[in-house]
Structure formats: structure tokens, C-alpha cells
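The next part holds the structures, each set out as C-alpha cells.
Each of the next two complexes has chain A plus one more chain, namely chain B in the first and chain C in the second.
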Partner chain A sequence: MTTAASTAQTDKTARDDGSPRPARVSRLRRSWDKYWYAWAMVTPVAVVIAVLVLYPLGYGFYQSLTNANESNVAATIGAFHRPATYDFVGLDNYWHVLSGADGDFYPRLVWTVVWTVCCVALHVAIGMGLAVLLNRKMRLRGFYRAMLILPWAVPSFIGVFAWRLMLNSQFGVFNEIITAVGLPEQNWLGTPLAQKVAVIMVNVWIGVPFNMVALLGGLQSIPKELYEAAEMDGASPWQRFVNVTLPGLRPVSNTVILLGCIWTFNMFNVIYLLLGNNTTGDTDILVTFAFRKAFTGISDYAGAATYGIIILALLLAFSTFYRRNTLKSEQA
Partner chain B sequence: MRRGISIAAAVTVVALAATACGGSDDKADGKPKDPKDVSGTITYWDTSDAATEAPTYKALIKQFEAKYPKIKVNYQSVPFTDVEQKFKSAAKSGKGAPDVVRTDVGLMAEYASLGYIAPLDGTAALKNTSDFSTGAMNTAKFNGKTYGVPSVTDTLGLLYNKDLLKKAGLAKPPATWDEFIADAKTIKKKTGAYGTYVNPDSYFLLPLLYSNGADMADPSAKKITVSDSSAVTALTTAKKIYDEASMKVDFANAYQNMQTAFKNGKVAMLIQGPWSVSDDLTGSAFKGKEANLGYAPVPAGAGGKAQAPTGGHNLAVYQGSGNLDASYLFTQFMTSTESQITIAEKTGTLPTRTSAYTTAVTSNAKIAGFKPILEKTARPRVALPQVGSLFTPLQQNYVKILQGDSSVKSGLDATAKQFQTLLPGYSIG
Partner chain C sequence: MTAATHETPATAPAATRSPAAPSRKVRGREERSPAASIALHATLILATVIAAFPVVWILFISLGPKNAWQQPSEVLKDLSFHNYADVLAHSDLPQWFLNTVVVAGGTTVLGVFLAATAGYAVSRMKFPGSRQLMWTFLVTQMFPSIVLIVPLYLLLSELDLLDNYLGLILAYATTAVPFCAWMMKGYFDTIPKEIDEAGRVDGLTPIGTFWRLIVPLAKPGLAVTAFYSFLTAWGEVAYATQFMQSDHYTLAVGIRTFAQDQRPDWAWTSATAIIITVPAALVFMLVQRSLVSGLTAGGTKS
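Then we have the complex of A and B:
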């Protein structure tokens, strides 16, 4: 951000020096004359983004303002013709969801937030611990790094199915191990609470490698001189960690935490695939809940779109807020 | 071009255009074409088991192509669990949709109400319909029209391990749910094996609901009946079975664990369908001892009757198919008596035509075992388009009731409330 800001600054000064009358039109023309090739390069991407992102987004938002479902949207299939009979209902869907009238939103939101906070906290804590361990000279360092990246390299659905097999309470390997040492059998996925613990555990397993690698990169960019200076001043290892390592990691860790929150908030695979269909619904986070709305029986387009837009709004609000706060702390 | 840009489809269009040019006067008469003149390529989505059943279907397709040399069938295997979403999204957009799709009978009302599948009355697809069993034919009907042709049928029954029952001193399988629980306790005491393994999937709850006179809803009276007193009786029994008669249930892996436990002799009785039998026969309790597997109707409930849902598969034709004539002929061929006999002999699934129950077919132990059960206890399910959506709230509350998170009554009340949002105009009662 600092680089971008400073470039903008230089641009501005350059422009002020060069053009005596900074009229908007002429500035636009100048920009076009000077950068037309850049605009031309950007156009295809902009078009693709508009088609792939903005159009569906706009359409989803429109659907969230209607009561559209699979049985009342227009359809022409061979000899079959059905005119559209859904209505524009304004913000009704949002009111229904946000007022708690549907009975699902707030319980799902609370669990989604708990899930995100637990996962990201563990991701960053364990990732940082491993990164610090691996950020020094030792034998087999490359081997350890490779092994620790493995969960990330395995496609997540395969990892999740492997966990499901291991957690099987009757024929799984975990119960065999603990009964072999004389402990009682556990029903790992037996109750909503146990399921919640299990999904967090599996997601932590999947997410730690990324955090470790990212933070390891951050650690290596902290100048050694800072540690030497701190040592000269008599700082203890803990003080060096708190006063040198953590501030030095902040640019990386801020981004990692932001990404982690967004990814975990929308982490569909782990919850959907680890627990299967015989659940109480208490373990659904917002995205898996919206998925069930959209893809069981007659699809509820309006309901699923409403949830989609609400999830987007939550994440947008969070990232804006978070960026603003971290920028402030970085500048301070 | 509705079916996407594939070479096969392009060829079809060219071929159709050619036939249309050549035989345009045929069409002007409005007379149905001679079956021998129908040509083109159609796509068939098969949901039969890819390893054990699909080869039989593929062989039948070869025979079909030999009989109608101008028609080519493009066979595609689609896993049973994915087919609903895959078919619906393809049918909606028209891109990549099959012409003929093998459809679980529980999905017929939904597909038909959404206009995805074509009514077949008066087409070549339906032939000799009086030969189909009434139960199977009913599954193909929606709002008075026929939308599918029954291919195979099934229902839930009580499968049991004869050795274990004998060891426990039980002469015959339980006839009522109360006996079922009592027998399970006896089996546990005498043999160490568990009486049963409850499958927490709500479809497997239907026999208990039906045999107590309960159901999910009553479309004729526009009533949601899932929380009435008979449903409470049914769920109270279900909870009792779970608590007293069942091996501990692993909810995330229930189906696989139940099968593994039963086929290896750790569990004596299961509520299961004929599709599971070939898997049962691979386990140590039944391998090489096929006669050890017993078949009985599901136990009877408080009302004294034993009932289980009619399942199975129908062949349905996609409404937007570019080649309806060929699709009708293919559907007719695959559901003919000869084809059904072949399918039954090779895969052990139950035919829907009464004429297909030849002595060779009924000598198959699985078919012989389930045929009387089907005749005695199978009944139709509510044919509501929303039935697929109804299973989710029932499922979640059923699990809550079993796990003890909510009482039977409050769980069913919550289910009924959720049903109400899915069934506008229905009252709870």
C-alpha cells in the first residue's frame, strides 16, 4: 500500500508540474493518449470479469428481491412452456432472514463466526509456531517443510474423506488405537458438539500449511540486524518475539488473517463432506445452509440468493473494517 | 441447439434435417412414423450400479441398436446420488441434458411438476401397460398423466441372519415392532450380536410411520400429518429401537457401518432393500451361505398392518429432447418383458411387469425373497413435488430425536412447522 500511495504521490506531483490547467477533460484525454495501450490490454479482462462476476452477482441480487424458485421462473423445455409467475417482493427476503423470522439465520451465523474465529486463531498460532521452528538452520529442514505442506497439497475432499474414515467410531483407526491402550471408545462424530470439534480439527489440519509457508516467508524478510540489536540491548527471547518478530510479521500476518477469515467463513468442503447428510443441521455454516436451500428438492433461488448476498455483505463489511484498522496500526 | 455443441448432436441435426427433407410429406399427414424410419442419436443417463449392473444395460442397448439400426444410443453412467442435481441443471438450461433418464420413483412428481419430463400417454413409450404391477405404475403417474415407464421396483423389508436367530432360540422373524425390540434383546443376550442397526436416514423411517398409520402429509386434505398422534407413536418406537435394540449408530458413516456390521454377523436384523443384498453376500456371515439370509416383511405397527414405501426406478423422457420418437422407442424397448427378464436374471433386481416373473427369474433368491414382501407391504409414497425438500427437515429432526436433543413431540412439531413453509396452503393437523 505504501508503494502504491507513494507512486500516486509522484504521479500527482509530476502532473501538477507538467500541466498548468488541470481540467478534468484534458486530463482524461492525456491519460488516454498516454495509456491507451494499457486500457486496451485491460479491456478483455474487464469484459471477462463483467460477464463472469458482475452479471451473476447482479442477477443474484435481483433474485434476492423476488420470490423466485424452481417452479415459478419462466421455462421453455420442448413442448412445455411455463411463464414466469414470481413477484418482486422488495426487501421482504432480507427482512425475513435478518429479523430472525426464518429461525435459521442467527444460529447459523453464530456458529459460522465461532467456527471462523476458532479455525483462524488455531491456523495462525500453529502456523506461526511451525514457521518459527523451521526458520533456522537444522538438519532435514527441507524434509520437514515438505512434510508439513502435504495436507495442503492433497485435494481437500480426499483429505476430508480420509479423516472421515479415521474418525469412524466403529471401524476407524482412532478408536482402534485408543481402545488398544485401554481407553473407552469415542463417538467422534456422534453429537453436534463432537461434530463441531471434529470439523474444526480437520480444517485446522488443512489450513495450517498455508499459514506456515506464508509466515515463514514473512520471518525470512525480517532483518537479522534487528535481532542482533535487540540481543545487545539484553532482550529475552520472548521479548524479541513480541517486539521484533510480531511487528515484523504484521504485513504478512494481517493479509494471512484476512484471507483465512474469508476462506474459512466460506469453507464448504470440510463441513459438507465430513459429516454427510445425517446431521441435525446444527453444524451447518451459512454457506452449507444456503447450498441446501438451493440444491435440495425444488430449488429456492430467492432464499439462497438472499443468503449469498448477506454472506457477501458480511465479508465485505468485515474486510473493509479490518483493512482500515490494520492500515491504521501499520502507519502508527 | 439445445444439447450443447457436441459432434454427436451436430450429426443428429444433420441426420434429422436430411430425414425431414426426404420425408416431409409424412409429417404433413400427422401420421406417426414407422418405428423403423426413426433415426438419430439419443443420450441415456443410467444410474444403475456401474460395476455390477451397468454391463447388463449396455448389452441391452447393443440389442436395441441392432433392432433399430438407424438409432444410436449414447450411454452415460451417472452416480445415483448425483443424478438429481445434474439432471435438473441440465434440463433447465437445455445444455447437455439426456434424452432418456433413469429416475428414482421418488423424484417423478418433482420432475413432472417442473416440466422437465414429458407426458408419455399415447406415445410409443407405453406399451401393454396393464401388464405393469399397479404399485409400480402408480409411481409413474402425476396429476393423472403418466410421466415414466416403470423399469425396476423395490421396497424395504426385514433382512435377517437365520443362524443368529436360531442361536437365540427364535423360530421366526418378528412380526411387530414390539416383538422386534424384544427379539433384539434376546439376540443380544444369547448370541452377543446386536439386534439391529438403525439407519438414521429418514427414508428408512417410513416403514415405522406407515405401519403406525402415519405419513408426512395428506395431499387430498391439504394437511401436514407428520406431527399427529400416530406419528408420535411411530417416532417413540423408533427412539425405543435406537435405545434398546440397536448397535451404537455412527451418524456420519451409518450406511456403510450398518452394512459392514450386518454382513459380518455383528448385527442380526436390518430394515433394508433388495439393492443391498449383493453387498450382504460378500460378508463373512453370508459368503457361500446364501441360504443364511432371511427375507421378511417389515414388522407391523400399532395399527396391525405392515407397510413400506414402494421404491425403484422409472425411465423418463426429457421434455426438451431433440429426438422424442427415438427416445420413446428406446424407453419401450428397455421396459419390455424380454428386457426386464434379462435385467432381472443378470442383476437380481425386481421387474415391474408381471409377465417378467418367469420361473427362471423367480428362482433368483433375492427376487424370490422380495416378491412376496412387495406384494404384501409395498405402498405408494405421497406424490408431492416438494417431497425431496420435505426429507431434509424430517431428517434433521429425526436425528435430534434419536440423539435425545429434542423430545419426540417437539421434534415432530418443529418438522411440521418447517413443512408448512415448504407446502403453502397446508395446515398442520
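Then we have the complex of A and C:
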């Protein structure tokens, strides 16, 4: 539909060519002539993004400025329609959260940061180690690669259920394995500390393959000549790793770390599904905490929206800062 | 690079000299001692076991009798597909499977269409608004699902799209499209512009050029986009949990009715898990190489 209309438009403007026009209008029209098909092709995606991302985002932001909850939003129950009765409260929700008055934000934030840092550090370290091992000529390389990717190939919620089965305190095979190795058995899904260790472990298991494959790609793109030159200069394997491999990997590893931080910060499945409702809430990160706020008990939509906006702001600030720093170091 | 070529003539003397001076000898990249070989394989085998064990374990339990998860040693005495037959016949699993296929299929079609058109336009034209659009896509990937889930829930309930395939498909489009658009742009960038120009000279409209020349050439990229959208929808939990009621459960929600918090039914859960995993893992293995390059390219080219 857009196409037909815009073609007609082009024909008309082509005929009008040559007649004098005010500069602004003709610039607009030239721009339209030149770009109409690009705009026509972008229209569907722009509409979807506007309706399903930008509008809800604005709506969410608006809600975070109100006291909306399940009992006062508009609702239709059978034939009865109840209009919305919530009020505009300004920045009260933000103040309530950020001043620490709700008692949840800062503990959750600290744990979220600890969780993100632990997971990403382990992801990158283990992923890097395995990538370096796989980046050699050897037998069975394809087999190893395919097997090591398995945790990523399985949908993450299935991986989480598999771990939940293994970590069961009474019959779980995981306790049998670690007692066989000589470690004390734990009630993995019971106490808060064990829960935290368990969720990190499961998330590391799920996340390593992506890091490994991405870093392996990075390793293979480092020119061989650099290694030959380093070898000739008498660099030891460790020196080659530090002075050739790490700098060569920087563009890939920067991206992988940034993506890893964002994904881990927002990781919902592992924590929500591994522990279900058998948790005191100590293991909730900001995202799962906000989810529970929105959908358990009397839904606190305004509170959840506030948390959502704060999470988004934190991530935006972090990635802007991170990109600025890494760009600097890449150029240096 | 110049440094490397400059050094090349030195190779021969260095190679002959090194046996004479063993104290300075440095091991090259392609040589390793037998002990190092054993250590390498041992490490990789250990890693492989850790990576594969949970999946193998759930497969193992699924083949056993009903209470196998409490007595894993009983499984080998009584291997059967009993749990699979049971769960397919006596639960809503087939219905959930169908729901998921519909939703994932819809997400794939919508995702590929939106991502391909947008990616092509951005790849070929520096039009006003293109940078803002790509920036929006990048930021959207950063959204925690929780930012959108409440407003989307209320929006969909106003539009009467809650508990509806279309509603869930649209919600998934918000997750899949931004990434896919980046990936398609990257793919279209690799197709020479001369092809477009040739098409225009032969009298095709811009849309015709896209549809008749570029889309057939971009099939591998489109396939990866399609699979990515499919997998996103196949494994998503949070939206599906809130938006769908029991008749329209997807697999990710349905399996939780077996794996309840209090008394999980691991026989059915494990069999269902394997049924869910097989299609997803096959699709994944087909596309994983292209997926990684797409993921990292999307991040670096901003």
C-alpha cells in the first residue's frame, strides 16, 4: 500500500521537475524521492518497534510515576468494566527504591552485581581456556567442539531442569559425585549460600559454550605471521599468549564481555526456574525480584515498572561507559 | 605485517642454530610433547564430560521406570520408552507442542520479514533515521524482559490479545527482530551493490530488486535469522508464563506443570525435556557457526 502511494508520489514530483520552489520544500522532496523506498521498507519494523517497544516503554515509565497495582488498574471482569483509579505520584516510587526505604533494592543490587561479575569472569576464563585448547591441531577436535557446545544447544530451561534433578538434596546424583571425590554434600537448593553457588554453577555451565565459540573465532582470525614473528624473537608460549593472543582477541573479547554482562544481569530463566518458589528471596536478582513483584500476591505494577526502568538505566549507563573505555583502549 | 615479512629471511639460520643452543630453545606452536598431548586430551575429555553429563543424565532417567530418579541404579534393568509413551498419551504435551510450533512458526515468519526489509534498507541506503533505527535495535537488545512485560501485558489485555497466539508472537518479535535486523544488515553488506544497480538498470523497481534479486542471494542469512527467531520462541519462559492460559500453554510453561516446586514428576519431566530438546538442538547445530559471527558482529559494528 505504501509502495503504490509512494510510486505515484515519485511520478508526480518527476513531472513537476524544473518549476521553481522554496528551497526547504524541494530539499524535503528530494530527500523523499531519494529515500522513499528505504522508508517504505523500514515502515513495518518501525511500526512494530514503536507499538511494541517504545509505547510500552513509555507506558512503563508513566506507570513508574503512579501507584498502579492490581486493585486499581482498569479491568474487565465478565461484563463489568472497572475504570482505572490509580493516581500520579511523581518520583515517589524512585525515591522509595533508591533511598533504600523499601529495604530490598540495595541487597538485590549487590547480589546482582556479584552474580554478574562471578558468572562473566568464569564464562570468559573457562571459555578462553577451552578456546585456546581447541585452537590446535589434534585428533577428535570436531568431536570435542560439538560436545562442548551441547549446553548451548539445549534450550536453557531444559538445562536448568536437568540441573535441578541432579542437585536434588535427597536423591540428586550431584551430591553422590562430590562425596565420591571427597567433598561434603550440600543441600544445594535449600540454604541461601548453597543456592547462590548453585545458580552461578548452572549459569556458568549454560554460558561457557557461547564464550568459547566466539573466542575461538577470534583466535582463528589472528594472523599467523604475528605468532611466527614472536616465535622468531624467542617469545615463550606464555609471552605469546599475553602479547599476541590477548591483544588480538580484544575486539571479540570486549564484545563478548559486554554481551555477557547484559545477558547475565537480565538472566531470568536460571534463577527463576532452578529455585521456583522454594526460596527466601535471597537469591533473587533485580530482574526476578521485579517479576515476582509484578506477578505474585497483589501485583505491584508501579513498583515493578520502577525496577524495570532502573535496571534499564543501569545497563545503559554501564554499556555506554564500557564502550567508551574499550574504544579508547582499542585505539591506543 | 611488514615486520613479519622482514623477519622471514632469518628463519633458516634460526632453525639451524636452535639445536646448538638448547638453553634458548622455545617450543613452537605446533609441537608438543607426549605428556602435553595427554594433558590436553585429559582436560578436554573432562570438560566434555561436564558439558554433556546433565543432558545425558536426564536422557538416562527418562528411559527408566517411574521412580528412576530416586534409584538411578534401577534404570539399566528396565530400559524402555515407557515414559515417552505415557506422557504423550496421558498429558497435554501434544497440544503444547502444537501451540509452540504455531507460536515459533509465527515468530519466525514475522521476524524474518521485518528483519530482512529493515536490514536491506539500512544496508543499502544511508537514509535519515537509519542510524537512529539501528541504535534503537541495539538498545532494545539490552532491555530486561521485565521492563516490557508489565506494559505489554496491560497493552495486550486492552487489545484482547492475551492468551492468544498472535499476542505472544508479537511479544516475541520484540526480542527477536532487533538482533535479526543487525544480522541481516551484516549479511546484506556482503552482497555487492552492483547487483542492485544491474537490477535497476534492467528496469526493476527497488522493491522488485530486493524481492527478486537480493532475497534469493541472501538465503543463507535468512535461514540463520529464521532459526534464531524460532529458537527464541521455542525456549522463552517469562512472557509465555504470564500471557498464556492452560489451553494455550507452550512447552516451556507446560513442562513446569510436571516439574512443580513441591513434588516434581521427574519421569514425565525428563521425557518431556528430551522431546523438547531434540528439535531445538538439531536446529541449533545446523546454524551455530553463523549465529556466533552474527552475534559478535552485531556488537562490534555499532
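Quick note on the criterion: the second predicted complex is superposed on the first by the 286 of 332 C-alpha atoms of A that agree within 3 Å, B and C clash if a C-alpha of one lies under 4 Å from a C-alpha of the other, contacts with A are read in each partner's own complex, and residues count from 1 in each chain.
Operating definition for what follows: contacts are C-beta pairs under 8 Å (C-beta built on N, C-alpha and C of every residue); 3 or more make two chains touch, one makes a residue touch a chain.
In this text, all values refer to a predicted model and were calculated from it rather than measured experimentally.
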item	value
Per-residue contact with chain A, leading partner among chain C and chain B	C
Partner chain(s) touched by A:E228 [first = chain B, second = chain C, both, neither]	second
Which superposed partner A:R164 touches (first chain B, second chain C, both, neither)	both
Which of chain B and chain C A:P151 touches, first, second, both or neither	second
Touched partner set for A:V270, first chain B, second chain C, both or neither	neither
Partner chain in contact with A:A46 - chain B first, chain C second, else both or neither	second
First (chain B), second (chain C), both or neither touched by A:F295	both
Residues of chain A that lie at the interface with chain B and also at the interface with chain C	164, 168, 170-171, 276-278, 295
In the complex with chain A, residue positions of chain C that touch it	1, 3-5, 7, 10-11, 14, 24, 26-30, 32, 37, 40-41, 43-44, 47-48, 50-52, 54-55, 57-58, 61, 69-70, 72, 113-115, 117-118, 120-122, 124-125, 127-130, 133, 136-137, 139-152, 154-155, 158, 170-171, 173-174, 177-178, 181, 205-207, 210, 231, 234-235, 237-238, 242, 252, 255-256, 259-261, 264, 266, 269-270, 273, 276-277, 280-281, 284-285, 288, 292-293, 295-296, 299-300, 302
In the complex with chain C, residue positions of chain A that touch it	3, 7, 31, 34-35, 37-42, 44-46, 48-49, 52-57, 59-60, 63, 73-74, 130, 133-134, 136-138, 140, 144, 146-159, 161-166, 168, 170-171, 173, 205, 208-210, 213-214, 217-218, 223, 225-229, 231-232, 234-237, 240, 251-252, 254-256, 258-259, 262, 265-266, 268-269, 272-273, 276-278, 286-287, 290-291, 294-295, 301, 304-305, 307-309, 311-312, 315-316, 319, 323
Touching residues (chain side chain A, partner chain B) in the complex	70-71, 75, 77-80, 82, 164, 167-171, 187, 189-192, 195, 274-281, 292, 295-299
Chain A contact footprint on chain B (complex, rising order)	85, 88, 91-92, 94, 110, 113-116, 118, 200-201, 247-248, 250-254, 257, 260-261, 318-321, 324, 385-392, 395-397, 399-400, 403, 405, 422
